[in-house]
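Next, two complexes with subunit A in common: one pairs it with subunit B, the other with subunit C.
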Partner chain A sequence: MNNEQLRDEIIRISGTNPSKCMKCGKCSGTCPAYEEMEYHPHQFVSMVQKGDIEPLLESKSIFKCLTCFACVERCPRSVEPGKLVEAVRLMLIRQKGANHFDAEDLPCLVDDDLPQQAVVSAFRKYSK
Partner chain B sequence: MQRIGVFVCWCGSNIAATVDVKAVAEAAKGQPGVVFATDYQYMCSESGQTILKDAIKEYGLTGVVICSCSPRMHEATFRKAAESAGLNPYMVEIANIREQCSWIHKDMEVATEKAIILAKAAIAKVQLNKPLVAGESEVVKRALVIGGGIAGIQTALDIAEAGYKVDIVEKQPTIGGKMAQLDKTFPTLDCAACILTPKMVDVAAHENVTIYSYSEVVDVKGFVGNFTVQIKKKPRYINENLCTGCGACTEKCPMKKQPNEFNMGFDKRGAIYIPFAQAVPKLPVIDADACLMLKNGKCGLCSKICEAHAIDYTQKEEIIEERYGAIVVATGFNQIKPTQFEEYAYNTCPDVVTSLEYERLMNAAGPTKGHLQRPSDGQRPKTIVFIQCVGSRGDSCREKSYCSKICCMYTAKHAMLTKDHYPDTDIHVFYIDIRTPGKNFDEFYRRAVEQYGVDYIKGMVGKVYEENGKVMVQGSDLIDNKQITIAADMVVLASAVEPDPSARSLGTMLTASMDTNDFFTEAHAKLRPVESPTAGVFLSGMCQGPKDIPETVSQAGAAAVKVIGLLAKDKLKNNPCVAACNQSVCNGCSQCANVCPYGAITYVEKEIRTPEVREVRRVAEVNEAVCQGCGACTVTCPSSAMDLKGFTNRQIMAEVDAICR
Partner chain C sequence: MTYSYYPGCTLRTKAKKLDTYARRSAEALGINLEEIEQWQCCGGVYPSVSDEIATRLSSVRTLAQAKKAGNELLTVCSACHNVLKRTNADIISDADFNFRANNYLELDERYNGETKVVHYIEMLRDAVGFDELKKKVVNPFKGKKIAAYYGCLLLRPGNVMQFDDPENPSIMEDLIRALGGEPVIYPFRNECCGGYITLEDKSLAQKRSNKVLASAQEKGADMVITACPLCMYNLVKNGTEHDLPVYYFTELLADALGVKQEGEGQDNE
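Take a look at the complex of A and B:
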């Protein structure tokens, strides 16, 4: 797929419209995993808009995102960057053609220090 | 059979680029009654109008169809031109092939087909047009201004100066509006009170101005030149003629725990209070929800202390009815309380305030006498974060879609005034864009950055939370591509402005149209910016859209000029497209009178003579001077007795037939 096709595919999967972004940076202002992410949420939106998807597919950022959806909740323009991150992740996972784990795999991975939200979002990321 | 001329306008390329205008003119030529058809680049221009006038004379036209822009744009222009050539102006019909055709289509073939159909419909209608003659009605030489803020005050003063009577209705106990609450005003930093309070005094003292404070408009009837308005005067429980405004009563009131609205609730007032020292009229008002005497008949202290015997606990609300020729809406705005934005902690942290609240905290006449203290512990804040665009420019249900326009400037003002008072304060401003399109505006903002060292951060705040007595502000710095956290003492939110909530019901009363944000719509965005599409209703200030004080004052003056232009006329030409009753088929059911918003329909006992019947019957009669031609009666009438001149049922059906043919 060329850049434009990649971009259109991400927009289709995510159901959001990155052109609505007014570049306020609130998503990056709110992101709890900001420091962990190589590409920050606002950059993510801008890169998707430009069709610059390849680096995102190769970046660890897509797995560092907590899927907490704070950016989705607070984005004033309803661009919902979290959904774009999830769409890139889904594209990669679909390319690999495999689910990463099932519900049965979960109990042995859970430890007491792990916040509940992390389990939920991990399941979100890897079960599709 | 009419002799019809059809004129197809190119509107430069507006129409001609999408519609084959020659083909439209050609197609029109084949229509019944059409004796002449042509096209021209700009029909509304001098030479276009000459083509129209010449054709009327040369071909003896009895009807005209102009295929052009919306009738709202140029119907009046073409009617006037036709009239000057000796044709009755109501024999002119407009086929809107711009807004309803060329502007919304891309395909020339499709657009041309539609333009031809629209032209045919108009031709079919004009076949049935009858010459109409407009009647006249008198103009009541008195204006009503609704709202007594800076917009209303300026409009009223300008109208009064021209020699016309004008009444101001203000729902608060004092005039002055939001501007009275402001500290200093950008970009020249003159103090709001110093420039506003003299105007308040002027307007109150003007012989042509009557102020109804603590009053509301509750009913509007009538039409341009002759509105009948009911004004509800809420009880102040004060005899205005006796009260001297000494304020002794306010000091003795035992119920001193009421939040003071004027100071945004930062201090308390009594149940009897004067909103602020420079209030106009300077009369106290009793808050009926807090007053012990009014609630359970015990207390009466204020009455005992009042030497003028001005306290009257038995005062009742009063309805005043007055007639006006023109109405100006100046209902102003409110700043939203950002309670829905949990990320800014406005609900939970007392040191997060809105900019209007900050305005009171800075004001020399405010609750802290101008000494900046943070609300939680009264300490002076050393680090202040300002956040822009709170609730503006968004598209979720929490936000307003528009830019509130004034925030960039007043934030720069707040930053500089704070630095002036306390130079050691650290000030950070989170912004998305800085918008300073006004005279000396950008220079003003740059001064905050360059001379005062205010730290402007391009980015938005994601989260505000309390930690160890500090207000932590986490946001992004997009230029440095960093997420930053600032430990602040105070946070000021530039939250969005919105029209006053009273605007919606008022809009309904006035039948004045509003946009989805409840701002009043102007008759034309560029060419008629201070008039509502409803004749006789004018717009002044923020009720029409966000604007700053200089803009509000200029618009207020412009609205006044329009009012003066109207009041200067002795008579107004009525719209002759009014309802008429065919009394021979009217069955007197009263349904039309029930739906008529103007009260234009009355019932009379009348002898009806037709070949079939001869009897005295109760039938509808239309007062043509009052009818506004809305057509509600014609669609309600079960026996088709009601018809609208210029838009008769037969004409409408002929248009539909022409479209379907």
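Take a look at the complex of A and C:
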């Protein structure tokens, strides 16, 4: 896919429109994973707009989103950057063999108190 | 009042106390909970993008079962509540999702969002009433400074969840007052604990959970209450720098109503 096709595909998956962004930066300002991200939420918006998807697909940033919906709630333009982070992650893990998390990874990560909710959510986020 | 009750996966296992005390308190308040038969996991986390169909189907099935029973659907876990309520809103507002989900599920009758999804705390406010609840309290939490931890999933996105003002909520503080306690307002009460990231980047979950607990402690809290098993886990296991006790809100409720048995321990002990 060329950059334009990648951009259109991310927009289709996410169901959101990055061109509505007015660059206020609230999404990155409120993001609890900001410091752990190489590309920050506001950069996802501008990079998707430009079709600059490849660096996002290769970045660990797509696995740092906490799905806390802070950027979704606080975006004054309803761009909701979290949806774009999700869409890029899905574009990657929907490919064959691209799971970020496997059942074999689990035993050494689980302790007696870890709720099932965490395991189910992690599989939803990191694997297909 | 009878509700269709959806406990969800974690309330059957790691968060049994959230469930047990919810059921016992409901009984004491004259609320009848009918557990949905053969319910399925909600998926734990709402799939944010619009082209994810299959990951929302189990929620539609649950919602349709409540419709069939003619009841409102009652949830306790914040995550289940978020997924079920948002999926219900999608069925109403997203014609494409509605079409595909109904075609796939082939239910006896098409599901179009008829079920009302109610969180247990909303039920306490709207069906019981905090004033009525207060009258039924036998062990008030007098002098206890209690910090309500809303987290993310009960509140956001506010336009769909309609639980409370997403930036300045008060419903859990009102509940604390009804139970005789003194609510503590602190800045991080609606900021994320880290959620499932504990499996991917434990240090990030620790950082987030410590921030929440530090914020509550700074405002003088004696304890924190939550409705979410994953928040509970993160605050207790990843909130490594603080030893503020964390309880499920249902445990405090059962205690205040006098239906928590003597010697029953806490989840975080």
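To be clear about the criterion, the second predicted complex is superposed on the first by the 99 of 128 C-alpha atoms of A that agree within 3 Å, B and C clash if a C-alpha of one lies under 4 Å from a C-alpha of the other, contacts with A are read in each partner's own complex, and residues count from 1 in each chain.
Please note the rule applied: a contact is a pair of C-beta atoms (placed from the backbone, for glycine too) under 8 Å apart; a residue touches a chain by one contact, two chains touch by 3 or more.
Computed from a predicted structure; not experimentally measured.
Q: With the two structures laid over each other on chain A, which partner does A:120 touch: subunit B (first), subunit C (second), both, or neither?
A: In the superposed model, A:120 contacts subunit C only, not subunit B.
Q: Quick one: classify A:36 as touching subunit B (first), subunit C (second), both or neither.
A: A:36 contacts subunit C only, not subunit B.
Q: Touching A:77, do we find subunit B (first), subunit C (second), both, or neither?
A: first
Q: For A:66, is the partner it touches subunit B (first), subunit C (second), both, or none of the two (neither)?
A: Touch status of A:66: second partner only.
Q: Who contacts more of subunit A, subunit B or subunit C?
A: Looking at subunit B versus subunit C, the one contacting more residues of subunit A is C.
Q: In the overlaid three-chain picture, which partner chain does A:111 touch, first (subunit B) or second (subunit C), both, or neither?
A: Second partner only, subunit C.
Q: Does subunit B (first) or subunit C (second) touch A:5, or do both, or does neither?
A: In the superposition, A:5 contacts neither subunit B nor subunit C.
Q: Which partner chains sit in contact with A:19 here, subunit B, subunit C, both or neither? Use first/second/both/neither.
A: Neither partner.
Q: Show which residues of subunit A both subunit B and subunit C reach, each in its own complex.
A: The answer is residues 70 of subunit A.
Q: Give every residue of subunit A touching subunit B within the complex, in rising order.
A: Spelled out, the residues of subunit A in touch with subunit B are 20, 22-31, 34-35, 40, 42-43, 70, 74-78.
Q: Provide the residue numbers of subunit B that touch subunit A in the complex, in ascending order.
A: 343, 389, 393-396, 399, 430, 432, 458-463, 474-478, 481, 483
Q: Which residues of subunit C touch subunit A once you look at their complex with the stated criterion?
A: Per the stated touch rule, the residues are 8-10, 13-15, 41, 43-52, 55, 77, 79, 152-153, 155-158, 166, 191-192, 194-201, 204, 208, 229-230, 232-233, 236-237.
Q: In the complex, go through subunit A and note every residue touching subunit C.
A: 12-15, 32-33, 36, 63-64, 66-70, 72-73, 80, 82-83, 86-87, 90, 101, 109, 111, 113-122, 124-126
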